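Quick heads-up: structures coming right below.
After this come two complexes, each holding subunit A, first together with subunit B and then together with subunit C.
Let's turn to the complex of A and B:
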């Protein structure tokens, strides 16, 4: 396990980004964690760009469109959907390393391995109904603009309902993380982050009416099902990314409580990573 | 088999792993047979077919049983690769890593890849279930099947890239896999990328019957399975020999 640790590591170089990355690749004991953290940061941003800017399927359109309007909706973003989701398909598997990194936070806690394993499997499953089905269905809708409008309407509903209406995986996933944080004695995350997980879980509860209402605050584009949900999710994500970064800096690869950071300015590690 | 001292347990565990590994050639024969049986693969169906032509493909009494039987076989055996991926995870656990993050990530990929193929399989079977359906509907199910089948390369790409990273970072005297296995995985990952663009073209190399999306992608997946099967077999055999030496 410690072949690399035996070598004396030279000081981290300053200078070009490539040389810094090469140094971390060669000597940084925490490189696996940093690969996970950077994957999380880069891909959350990339998914944001792909869904909001390129495919323009977020924020979501109204559920109450007529079939003719739905055909027009597909026509308006023809290439955006096809290129946007093609890129989502290529990088979609990055979720595996992202969720593996988050599962590792639970493994570092004083709790049972069952928490890390549950989280990993739940979120591996989540990628399909939560993201990929929507991409496939939007691609099928966009690739033949002359398809029967009634069928286009079915594709539109299936795409948005699968995306917005996939609730349980995020509900149970957040509750698993919450329970682990609250039980943990290794101080991996602060207790208040446990309760923030509860907020994220609750947004998945209030999304349920999106399966019933076609208009108003409860519809899939409404204030409750979409806007509050998204606001909580973005806050939650930003918070756990910053907590995860701190956790990696504190990581000592032991099994007991994580040491606290001596000061925020410890090390070139952080600056370069 | 009687346990032989301390090493007995280890030996029997490796035996179980070898049994799982030898399911791979059997699985390969089954997959290849089902692939050849499905009339839409040998000469891949063209996305330029009209709705009537697609409906006629499913209604053809020569095709219909072959579509159903081949897809039933795929439904049975699509997840057959998961035990092999589990063996790869076990080998990754032997690598000189500080955390189990890479092996966790391969577990996540192992669940994702076969499931996306199963979705395509369900769309094909649904299209074949009532071939008398309105041709526009049959065509939609056929489109969903082909687009899901062709475009869902994400987990396979991630699997290869993560495996390559794990191999590069396996810094010990005798690494579990040779570095060329990592290079090979990166090449496979790159060959899978064009298939994601399947929705953009009904003709040419990116179409679902095209050179890149159909032939290059599927051959790359086939070669990956064969090569990884062989290097996995070597790694397990070596581990077994080491365990036996320890037990002696």
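Let's turn to the complex of A and C:
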């Protein structure tokens, strides 16, 4: 948006939410970044509802179920799987906007563009096993529940192992982001977020035993391989959404260090005096 | 704003090794956030271990008897020694004795390396005796906890490398970075002491 257009912008309206949205849509120079941020927030909330409530494929069921139990598992979720994954496929493309927004943070850093490019490629790949393949396989199982139980077992294992297969992608993705944050001199994110990426990466490693165990804490539904890993991931996601929002507020579209928010600089000055 | 004079006149701050820049913890406070978060994650692993151990205490006790306590003690002493050397490294860097600081950083690496080698030998011995990752639940925990700690230690070598890089040139020598790296190293030492107590000692 040109400087002239920004100068001509009227003051932001107060009151009606619709009028506020309309104002931001028309005059806010950070419009695209906010669209990216809201896409992330809405997607993660939808992901929770679709996977945990509608399709009920998360938390994952036991890997040790017998073929008969697996057939029953598909039958219990017949409509949830069909409708849930139909919606997942509709919103799945939003991951492109989300990944682009996150890669933008690395482009704003003082580091090589290779970080943003690696991040984009690796998370574009993550969508395939973590969401799309799992969705197709679960839908195939739900669509014809009268198949041979052995075939249903095959689909069941394929779906959940495909989901688990994203662990390496999240591991490397977190390490890419960590390195970028720690090397960055533009203060796009605080250094502790770099270290939090390391924590997240290390909890992805503990998913690896899920490929070996069918029961217990290391299986794909286990306390260590799933519950602790998910607790760390949810915390990590909440933190980066909050930091990303702050980063957009601070964004000045320059190339040097990001300015601090006015309220924080005032607080720092008061503390110093 | 804090000044060098005000810090120098504060013996408590000096004793805690504060530089004159108003820092309240050694190294980057960001690293302490990592320490806190890792402590929480490991606490959750330990909690799961203790719960499972309580539920199958006979199996855990029987399998635990196959571990060699002397190896665990040796591991612990080696890692404590490495932590002592990294503390000496920080102290020497504060006193601007950079040659001594570098030597202590190399000794930390050496002891860390001894720990890694002894751990690999211990794992190999256990596997040769028929105790692998899938033998039973105790050994799953044993390989998991020692393995994830091993990985943390490998990352620790990257931090030590950063500290050595900082100490090597007068153009760099960031005391804050040296302390940050030392904080990471102390954390993995601290985590090992807990793992040692849970796997080798607790009955």
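Just so it is clear, the second predicted complex is superposed on the first by the 257 of 273 C-alpha atoms of A that agree within 3 Å, B and C clash if a C-alpha of one lies under 4 Å from a C-alpha of the other, contacts with A are read in each partner's own complex, and residues count from 1 in each chain.
Definition applied: a contact is a pair of C-beta atoms (placed from the backbone, for glycine too) under 8 Å apart; a residue touches a chain by one contact, two chains touch by 3 or more.
A quick note: this is a predicted structure, and the numbers were derived from the prediction, not measured.
*Asks:* Tell me which partner A:86 touches in the superposition: subunit B (first), subunit C (second), both or neither.
*Replies:* After superposing on A, A:86 lies in contact with subunit B but is clear of subunit C.
*Asks:* Identify the partner contact of A:103: answer first if only subunit B is touched, second if only subunit C is, both if each is, neither if none is.
*Replies:* Once the two structures are laid over each other on A, A:103 reaches subunit B alone.
*Asks:* Return first, second, both or neither, reflecting whether A:69 touches subunit B, subunit C, both chains, or no partner chain.
*Replies:* A:69: touches no partner chain.
*Asks:* I'd like to know which partner A:137 touches here: subunit B for first, subunit C for second, both or neither.
*Replies:* Only subunit B is touched by A:137; subunit C is not.
*Asks:* Given the touch rule stated above, what does A:157 touch, subunit B (first), subunit C (second), both, or neither?
*Replies:* neither
*Asks:* For subunit A, give the residues common to its interface with subunit B and its interface with subunit C.
*Replies:* none
*Asks:* Any idea which subunit B residues touch subunit A in the complex?
*Replies:* Result: residues 47, 96-102, 104-109, 111-112, 115-116, 119, 136-137, 139-140, 143-144, 147-148, 151-159, 161-162, 165, 169, 171-173, 193, 196-200, 202 of subunit B touch subunit A.
*Asks:* State the interface residues of subunit A toward subunit C in the complex, per the touch definition above.
*Replies:* 190-192, 194-196, 198-199, 202-203, 205-206, 209, 212-213, 216-218, 223-224, 228, 231-232, 272-273
*Asks:* Quick one: in the complex, what on subunit C touches subunit A?
*Replies:* Going through subunit C, the ones touching subunit A are 1, 28-31, 33-34, 37-38, 41, 44-45, 48, 52, 133-134, 137, 140, 144, 148, 151-152, 155.
*Asks:* Show me the residue ranges of subunit A that touch subunit B in the complex, using the header's touch definition.
*Replies:* For subunit A paired with subunit B, touching residues are 1-4, 29-33, 35-36, 81-83, 85-97, 99-101, 103-104, 107, 116, 120-121, 123-125, 127-128, 132-133, 135-137, 139-140, 142-144, 147-148, 151, 155, 253.
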